[in-house]
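I'd like to ask you about the structure that follows.
Chain nomenclature is as follows: A, B and C, assigned in order of appearance, with residue numbering initiated at 1 for each chain independently.
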Amino acid sequence: MEIFGIPMQAFAGQLMLGLVNGSFYAMLSLGLAVIFGLLGIVNFAHGALYMVGAYVAWASLEYLGLNYWAALVLAPLVVGALGALLERTLLKPLYRIDPIYGLLLTFGLALIFEGLFRERFGVSGQQYPVPDLLQGATNLGFMVLPNYRAWVVVASLTVCLSTWFLIEKTRLGATLRAGTENPQLVQAFGINVPVMVTLTYAGGAALAAFAGVLAAPVIQITPLMGSNLIIIVFAVVVIGGMGSILGSILTGVVLGLVEGLTKVFYPEASSIVVFVIMAIVLMLRPAGLFGKEK
Amino acid sequence: MKLKKTAAACTLACAAMLGAAVPAQAQISGDVIRIGLITDMASLYADIDGPAGADAIRMAIADMGGAIAGKKIELVVADHQNKPDIAAAKAREWFDTQGLDMLIGGTSSGTNLAMSKIALEKKKPFISVGAATSALTNEQCSPYTVHYAYDTVALAKGTGNAVVNAGGKSWYFLTADYAFGAQLQNDTSTIVKAAGGTIVGSVKHPLSASDFSSFLLQAQSSKAQILGLANAGGDTINAIKAANEFGITKTMKLAGLLMFINDIHSLGLKATQGMYLTDSWYWNRDADARAWSRRFFEKQKRMPSSIQAADYSAALQYLGAVKAVGSDDADKVLAHMRKTKINDMFAKGGYIREDGRMVHDMYLMQVKAPSESTEPWDYYKVVQTFKGEAAWTTKAESKCALWK
Amino acid sequence: MSAAASHSAERWAYIGWGTGLVLLLLAPFIGIYPVFVMTALCYAIFACAFNLLLGFTGLLSFGHAAFMGSAAYVTGWLVKSAGWSPELGLLAGLVVGAGLGLVVGLIAIRRQGIYFAMVTLAMAQMIYFVCLQAPFTGGEDGLQGVPRGVLFGVLPLASDLALYYVVVAVFVAVFLGIVRIVHSPYGQVLKAIRENEPRAISLGYDVDRYKLLAFVLSTALAGLAGSLKTLVLGFASLSDVHWSMSGEVVLMTLLGGMATFAGPVVGALTIIGLQNFLADRVGSWVTVIIGVIFVVCVLAFRKGVIGELLAWQQRRRARAES
């Protein structure tokens, strides 16, 4: 059976892979959108935090013998704490001045992390095994899908939607959003806004680390894994609308699918299709698909 | 006006910054024989050459006594990170300011092509050890470039023919998107078609790709018998791993067109048994090779790849020529090297042709099954030996302007 | 400020400029590797062009390398494969930089601040991938073997020395050109936009037009820097269009001092010198060091080297007069 001259098998297979990629995009852009939407910081270090999360998973297996499932909890905690530390010491002084400096600082942080890990581990990459429970593959008929990749889709979408729900629909989320829109007022109600801000950044970092652990068995863990991905994720966030969390999630998944489709019909363009879409969206809707003009 | 106010600051700054250029000062060395190695030190090709390759050259320097006619022999090493611009800039700087006498090119074809051009411009010897592209002795041949260990033509003639003869008639290529991958795919396609096979299609992947899944799916949907891996190092390892993960190996056979012993070691015999590969040297080939390899193993704790062995041999032969000629003058030394047969633990009866190709035996080998392997690193059995000119580009096929 | 003080400041100024220029002119003869200085000067031109946009107009473009690199490729191809002479190649680089800048600028100018930076980043990434795929660029291998040619048909540039003085001349011309632009009435409007855009709009200026022109001027000069670099080094490569290069030029400007003239030059020379000096000795630590410089500059050193020096000069003079 063929669609536009491409066998159904190839088509569905690439879409499936596109969905997996899209889940990663969604998870990573979620963290970015949370940090930007609530704090106004463009977190260039997001890719680095993702990378650190993957390495924490690897190290916890290598040196502490902790398995994948423990890493899924440990890495976000460790990286979240790291994020909190960075926010308290380095980012707080910059809130009063031009947000450009926040971007530049996080860019510098990304370089530091990448350089340190490169120095320690080289560029070649570490292997991380797929957990036993998720080993093997299922024959879906049109392709053989490794079980782990199916898990990635499920896990990321669950986390994404829970986070969205938390921020948009619960009281805690409402407090968060209020605190960043009008800190003085919320502070007057007795809520410790600076701590809340720190925890939000830590939360975003934790999300990045979670994505890192998810990614570890799929791709090689290298110091460069974050910087390769971060630019695409930025484009996803811009398309979705820089402050919109739901926008990022949806855009991430859709763009993953679009990329997969492009690989079927016109593979050479698969790396730029995201940016082309971004250019078009920006010309038609400068605030992004779901964004609000800030 | 701001213009005037910045001036004093500017002077101080300019002076200070030009001072930062002082380390790049010109130093002409007349009393040192300087060999340079520019290779991938930390990235996806680091294991097959890298720092251990530099050590192999140091072994050659030590074997020559560390000095020739009172002039000390020195090695300078740089990491090109697989970027041709870094390689070329470093080569140029070394030739201009460090009095480099001879440059050895490590892995990555793109970087070696760039360095070859610089060596031609500066009229100094360049021995390409790690690169695969046959273009170095064809379209881009140069009187100053020697292509030492292996090339894509030899790989194609070896592995390509073997696989087609074993029944793999229809091919799909997974190709690294740069000079080496394209050339390897090209040369192998020619051989496959000449042997009666067909090329069903191909897909290019970026260098150092982290995820091969979508490329492999495309390969699988082509329904070809053979998946030709026109890549190397970390890329080959990851592609083979992913192919296993996605069950590609159930419907296609993998042909690793460029594999080194480090890749086999990484993947394990279980995943690679039965695969054919063509190489210029194997540590367990004969007594000489074994003896040198044990020396290497003591320091590095792993067996040398053919590139590391070739690093040693190239340096040794160059230094031998310098000793015989009594000078490090580029033209004299190269002339001597072209006249002399190469007999060392790497090659027996090797010689350098007009197109720059170092002609020697190549070996078609097959990876042993786990049960056949008697000791660690005992991975290959030699299936066929291509003697002398058999593996290389013939004069009729050659596109080198120097060899007509 | 007293007459005597301003006279002495002017005298210092001319001594300063003069010494700097003399050092530059004599560099090859006092044992400094000319190829290194030429490369550094190309980056200095790039940084000055970038500063025109960041320091003097207040726009952070995070994808400026795309313009430099694209011009580098186009010039390389024209000079190597189409046989163009070097001066036409440089002109082509200027045009390519301007053209691409116009296209990107039209899309990006609609947004402000952070959004503008993000848009330029993503557009630059698109250009990167086009350069990666386009056959004439040579992809990962880069465009190699670009000849230097004969300038205006009379001056062969093959010798490092000849090309060196051409590069110095171009650098001085670009530098003086930027000074001229900033001090012109147009430059004053840019300054007003940088300091308070809403007020500029209320004064009736078509702010978007001014910003777009600044953007195009900046990208054109960045293109010139790229083309010049291709002639110096004989190749153009993907590193020239990669976003890490965009980050580097931001650092050069930040470190040297935004909104100063000498700042980007100092920043470029420092970073290039640092990379050159450290690359073989410390490997990956270079990235870490660059990152640390970024962080330190943003937190504590936002005026940059020249900016801090100027501020110190001001304080000293203020104290002397009080």
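Definition applied: a contact is a pair of C-beta atoms (placed from the backbone, for glycine too) under 8 Å apart; a residue touches a chain by one contact, two chains touch by 3 or more.
Note that the coordinates shown come from a computational prediction; the quantities given were computed from them, not determined experimentally.
Placing every chain at the mean of its C-alpha atoms, the farthest one from subunit C is found to be B. Looking at contacts between chains, the pair that accounts for the most C-beta pairs is B-C. Annotation: 33 Å between the Cα-based centres of subunit A and subunit C. Work out the mean CA point of subunit A and of subunit B, and you get 38 Å between them.
Residue positions of subunit A with contacts to 2 or more other chains are 118. Along subunit C, residues 132, 283-284 each make contact with two or more other chains. Shared interface positions of subunit B, i.e. residues touching 2 or more other chains, are given as 42. Residue ranges of subunit C in contact with subunit B, taken from their complex: 9-10, 12-17, 19-20, 23-24, 27, 31-33, 35-37, 39-40, 132, 139-142, 144-145, 160, 179, 183, 233-235, 237-240, 260-262, 265-266, 269-270, 273-274, 276-277, 279-280, 283-284, 305-306, 309-310, 313. Residue ranges of subunit B in contact with subunit A, taken from their complex: 42-44, 46-47, 203, 208, 210-211, 213-214, 217-218, 220-221, 234, 238, 245-247. On subunit A, the positions that touch subunit B within their shared complex are 7, 9-10, 13-14, 17, 118, 122-125, 137, 139, 143-144, 146, 149, 218-220, 222, 225, 228, 260, 263-264, 267.
Within the complex formed with subunit C, the subunit B residues making contact are 1-15, 17-18, 20-26, 41-42, 78-79, 82-86, 88-89, 92-93, 96-97, 109-110, 113-114, 117, 177-179, 206-207.
Contacts from subunit A toward subunit C in the complex involve residues 42, 90, 93-94, 98-101, 103-105, 107-116, 118-119, 227, 231, 234-235, 237-238, 242, 268, 271-272, 275-276, 278-279, 282-283, 286.
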